[in-house]
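Presented sequentially are two complexes of chain A, the first with chain B as partner and the second with chain C.
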Partner chain A sequence: MVDLVFEIGGPQGGGIESAGQIALRAFMLKGYRVYGTREYHSNIMGKHSYFNIRVREDRALAPNLPADIVVALDAESVFTHYNDVGEFLVYDTGVLSKDIDSIQSMSKYLKARVKEELDANGVPHTVEGVIKLLEKRGKRLVGVPLRSLLKTTAEKAGVSLVSISRAINTIGLAVGMSLIGVEVEKLQKAIELFFAGKQKVIKPNVIAAQVAYDYAKQNFGGIHREVIPDGPHINTDKPRLVVSGNDVVAMGKIAGGLRVQTYYPITPAADESLYLEKFEDFPLTPEAAEKLGLERGGIVVVQTEDEISALNMAIGASLAGARSATSTSGPGLSLMAEALGYAGIIEAPVVITLYMRGGPSTGMPTRNSQSDLFAALFQGHGDLPRIVIASGDHEEAFYDAIKALNWAEKYQTPVIHLLEKAIANAMKDIFNPDLSNVVIDRGKIEKNPPKPFPRFKYTEDGISPRAFLGDTVVWYTSNEHDQFGRRNEDPVERIKMQDKRLKKFETAAKEIPLEDKVTLYGDPDAKITIVGWGAVKGAALDAIDKLKEEGINANYLHIRMFMPFPSDYVKSVLEKAETVIGVEGNALAQAAQVIRMFTGFDIPHLVVKYTGRPIFVAELVESVKHILRTGDKKVVLSLGQ
Partner chain B sequence: MVSEQVKYQADTWKDWCPGCGNYGIITALEMALRELGIPPEKAVDVGGIGCSGKLPEFLAINGVHTLHGRPIPVATGIKLTRPELTVLVDAGDGDTLGIGAAHFVAAGRRNVDITILLHDNGVYGLTKGQASPTLGLFIKTKALSKPNINAPVNPILLALASGYTFIARGYAYHVKQLKDIIKAAIQHKGTALVDILQPCPTYNNVYTKEWYEQRIYYVDQEENWNPVVEKPEELEAKMEQTIAKALEWDERIPLGILFQNKTVPEYLDRLKTRIPFITELPPYRQPIEVDGKPIVDIAQIFVDKLVM
Partner chain C sequence: MGRDGAPAGTTEKKCKNCKYWRPHVFYEGIGVCTYKWPWKMTFEDDSCEHFEPIKIDKPGFYWCATCRTRVTPEDYMYHLAKGHRLYPMPYVEPEVKEELYSVE
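Presenting the complex of A and B:
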């Protein structure tokens, strides 16, 4: 079974992003599932950036190391990733003499660690030194004269060298691809797909790919490694898309009927809004167009002055009748705390898509984290429940984006949809989403509302019918209020109104099916249970497979809804297991604490990672084995640059 | 004109202090809406926090009382979703020029068709008289233990710098004149500011009724006063004229329409360059489902992401 890791690194802003995107498409055309995680700095140009691409037949949901092939487009990539190399390193022979101290963009701490290791092995602090070290380790080293191949490409394309400098990425990528036998035609098609319509860019890159393949054939005897066969998804008629987590949430929101999105630019959330903006005027299906007599739909995307405005504006849109949402990350959510409470007391449906990054404060803005669970659950003052859901992968994120819009309107509440940078910026192949089972449920809406309107009418389930501003006369206030939305501090009515608001969440807890809240993967009778949430899912699913191969039977309990929390079910699963290991991407083990709060169950073993990098499959497997061996309470993970 | 039978003010007892300028403002607002023929269900009043923010509670039109400083974003969200509604903001100078100043500036940049009635009294009334953003430097009102050491912000200049396309000033006790100004502001297509000088008889014993009435005058009584920019080339001269008026304060205080720019497109018209049908089919009017089912096909929209 093919389970390949392909890593490509180079300077940010120099085409590394395109190279990764092209690689993903080429592997898809070869018939595989793909998952490409991106690491980058808060920087526009010059700092190191890389893609870790996982290629599998059945499921690719998490990054892994070591990488079968590392393509290092510059000297910094060699110094940064030589320990990632599993089999091949493709490097530029033009940088062999480069000394690590001459690289300004590289962190002094990483430099010191690398120099220490090079010294210990008696090799110089140059790329050549690293190559010698890898030779000792038995790695296969593929030196490519990138500059001279670029020159050949320029000559063949009949253009200047400067105008195609970025094609150097394609050359490095192509050499890497040739080593595992991905046909040049597939790579060239991937180039055409990625640069769709930009003929001036496509042509030199297609030529660059050919030049690189020709060079590899002549110099490395064609293929060094076992060629990967065509994958199971080759030439099928089931269309696949390659999407980031940001993209897929935008898609879900469009399918879910979003009509107003507000945002203030922030990493790693902004790309979702930009993508919505790109498709703000979109076609309806032919069937819907015929029924509605309407060809297109439109989403108003507003870039606001701050996140305070973003949530307040989305609330205004909601009161006037649109499905509305905003999208942000931790610092933005902090600013939204006030409006979150406002939406709570006036029972305004609104969705906040929250992309977690490394905190606290500005923290590590381009790095992964799961450290905003407490913020999502407890941000804001007063008795303020809300719905909090966390997606574990791109497909969950798509359907969760739609469900979040439904729940917001059905239960008239803010819904926080949690994702993390590891999903937001990771690229994944998905099948064209099946919408046949998707429902759009706007909840209770009064068709003939009286004037004035009892917007907060007491009901059995706590949910009062809505009418939109302008349908009749409707009143809202941020103060406590009576059934007509008029300020009221009567102690007896206060109990009724506060209880009504809380009752809605009991109703939601009852009505929302268990499969939307939590999933148990693997053998339900396994004696070991790994508990996780969010992007831990991908690493955990692979980990339980790998552990099984080694005779360890573990299952994975994937928590998706944190409020209302599926307490009874989670408790029953955890109590049944002999060993429970909590896995998450934050230092406090926030989910473990939330589980204790809602179930009383104290998770005895924890695996946490807060380096800002995603959890790699291999390190998770090792940590579980370590805990089983030692009984240690806590393992801190640190793999990845 | 809407019939006198139709109520614009709620039966609620208004808990403002006796002599509060807000009584004049709410009356002027009612008269303006009635005369413009805007029925209660087609108007929304969005309030901030404080004495001014209580207006929506005392009105019988749609009312959205919000958070301190936040009525402008909420009003913007309402207007963009359902443009057929007349959307008003009632907020104090603390709301608009202090805690919500970023929103006040952004409103001018967007030029959404909302009308902001700025209750300008120089004090935070409901928290018992602290200095607010329009109180002058070294002024000591009776509620302050020491003179104010913050300089005031000039709402007219700030609005002008932010791109407001309608800027006027009214006086809370001149109900009829204020009503006419509010009517013009509502009729203006774009963000309109009415800076309403509002005596706070309880806490501001400096900017009193007497103090104002010795100074105020109406600009339209001056010969040849014309604040309207009809063509882009007139902008500079009209702005200069408005700046001069905005700087008057200690001896004479101008009231009336100080600036109106008809050459700037309103926000929805700007959105139309992106979504051509948005004015006919604003978010509120757009269907999002047929029989509870989505009305889009992902692969049909996102062809740029297809790999096959």
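Presenting the complex of A and C:
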């Protein structure tokens, strides 16, 4: 079975983004599923960035290392990724003499580690030294005379080639692709797809691809890896999209009837709102137009002055009857704490999409984490329940975005939808979403509200019918109130009102089906259970497959809803297993602590990662085996640059 | 001494020493000749008849191609003294913004 990793790295802004996007499309055209993880720096231009692309037949949901092919077209990429090389390193012969100390953009800590390893192997601190080391390790080194190929490209393109970066990346990418037998036509088609409509960009890059393929064929014809065959998804009539996690949440919100999105730009959340801005005014399909009696649809997207305003404005839109949401990351959620409490006490439906990056404080804005689970569950004062969900991949994120909007309105509560940077920025292929089962459930709405209107009426399920501002007068005070919203601190009424608000979550816990809260993957009778959430899913599903190949039978318990928490089910699964291993992307093992809080079950073994990088399949497999062998309580993962 | 062992301030008639040349902001040894529009990609050791030597002789903001960073009037001498290669500015492609991630 094809399970390939293709990695390409270079200076941020220097064409890596296009190269990665083109590579994804080329592998899709070859018939494969793809998952592209992007790593980049927060101080923008010139620092090192890279794409790790996983290529599989059935499911590509997580990054992995080592990479079958590493394309490193500057010296820094060679020094940064030589330990990632599984089989091939494609490098520029023009940088062979480059010394690691002359690279100013590289971290001194990484330099020190690399120099230590080069010294231990008796090779110089140059690219040539690294090449020698990799030769000793039996890797296959593919030197490319980049400047010469670039010159040939410029001559053949017949134009003054000033879009240099992209051509350089196309050359590197093409050499890498040729080594595994992806046809040049597929790469060229991918270039056309990615740069659609930009003929001036397409032409030189299509030529660069050909020049590089011709060079590789003449020079490396004999060192071909076994070529990858056409994948199972080649030439099918099932259309696929390639989307980021940000894109797919935005798409889910559009499908889920979002009308107002507010935001203050923050990494890695802003791209979702920028995507939504493209849909401020769009034509409806004829069927939708007829059904709604409208010709056009649209979402109001507002960039506010800060996150305090973003959540308050979304609450205002919600009270006026619009489906509303906001999108942010940890530091933004901190500012939203007060408004979150307000939404809680006035029972305003609102969705907060929370993208997790490395914290606390500004932390590592462009790096991955799962460290905002506590904040999502407990931020704000008072008895303030809310619905908290976490998506495990792009497809879950699409449908969760729709469900979050429904649950917010149905249970009249803030819903916090958690996603990691690892999903937000990763590019993945998805089949066109199935919209046939998408339901927009707006909950209890009083269309002809009396005056005065008992907005907070006591009901059996705790949910009071709401009316929109403009249809009647409602007093939405942040103070405790009576059924009509009037300030009230009567002790007996306080109990009734607080219990009514809490009752909604008992109702939600009963009504929301188990499959939206938690999923057990693999053999339900396995003696080893791995517990995780969010993007751990991708690595864990691959890990249980790999472990099975080695005779270890493990299953994976994937938690998707943290509030209300599926306590009984989770407890029953964990108690049944002989060995339970919690896996998560934070230092405190936050989910493990939440599980103990809601079930009383203490997870005995933990695998955690807080380097800011995603969990790679290989390191998860190794850590599980390590725990089974040693009984260790905790393993800290650190793979990846 | 220059980066490649050539004396600093050399007038060897190559693109890398020419006032019309801008080194690529990211990739070494590659640049753009700005002698006339449209500009043309050239390599550091290329040469042509329009060569005019580059002069970095007064304080100013320069691009240090060796350090791949902008240097200020206060510290440009430090880079020159170490034999670094300074230019009035690097070549930044117009589409660089399409390749960058926004970070806030």
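Methods note: the second predicted complex is superposed on the first by the 633 of 641 C-alpha atoms of A that agree within 3 Å, B and C clash if a C-alpha of one lies under 4 Å from a C-alpha of the other, contacts with A are read in each partner's own complex, and residues count from 1 in each chain.
Throughout what follows, a contact is a pair of C-beta atoms (placed from the backbone, for glycine too) under 8 Å apart; a residue touches a chain by one contact, two chains touch by 3 or more.
Only a predicted model underlies this, so the values are computations on that prediction, with no experimental measurement involved.
Contacts of A:Val243 after superposition on the shared chain: chain B is touched, whereas chain C is not. When both complexes are overlaid on chain A, the residue A:Ile308 reaches chain B alone and has no touch with chain C. Legend: residue contacts after superposition of the two complexes on their common chain; A:Met364 is shown touching neither chain B nor chain C.
In the overlay built on the shared chain, the residue A:Ile202 is in contact with neither chain B nor chain C.
When the two complexes are overlaid on their common chain A, residue A:Ile552 makes contact with neither chain B nor chain C. More chain A residues lie in contact with B than with the other chain of the pair chain B and chain C. Taken together, the chain A residues at the contact with chain C in this complex read 10-18, 38, 40-46, 49, 73-74, 94-95, 98, 102, 104-105, 147, 150-151, 154, 160-166, 168, 201, 265-267, 270-271, 365-366, 425. Only residues 24-30, 32, 38-41, 43, 66-69, 91, 93, 95-96, 98-104 of chain C touch chain A when the two sit together in their complex.
Listed in rising order, the residues of chain B touching chain A in the complex are 10, 12, 40-42, 44, 46, 49, 56-57, 60-67, 70, 72-82, 84-85, 102-103, 105-106, 271, 274-278, 281-284, 286-290, 292-302, 304-308. Interface of chain A with chain B (complex): residues 25, 28-29, 190, 193, 196, 239-243, 247, 251, 254-257, 259-260, 262, 277, 279-285, 287-288, 291-292, 294, 296-300, 302, 304-306, 308-310, 312-324, 338-339, 342, 402, 429, 432-433, 435, 438-442, 451-452, 468-479, 485-487.
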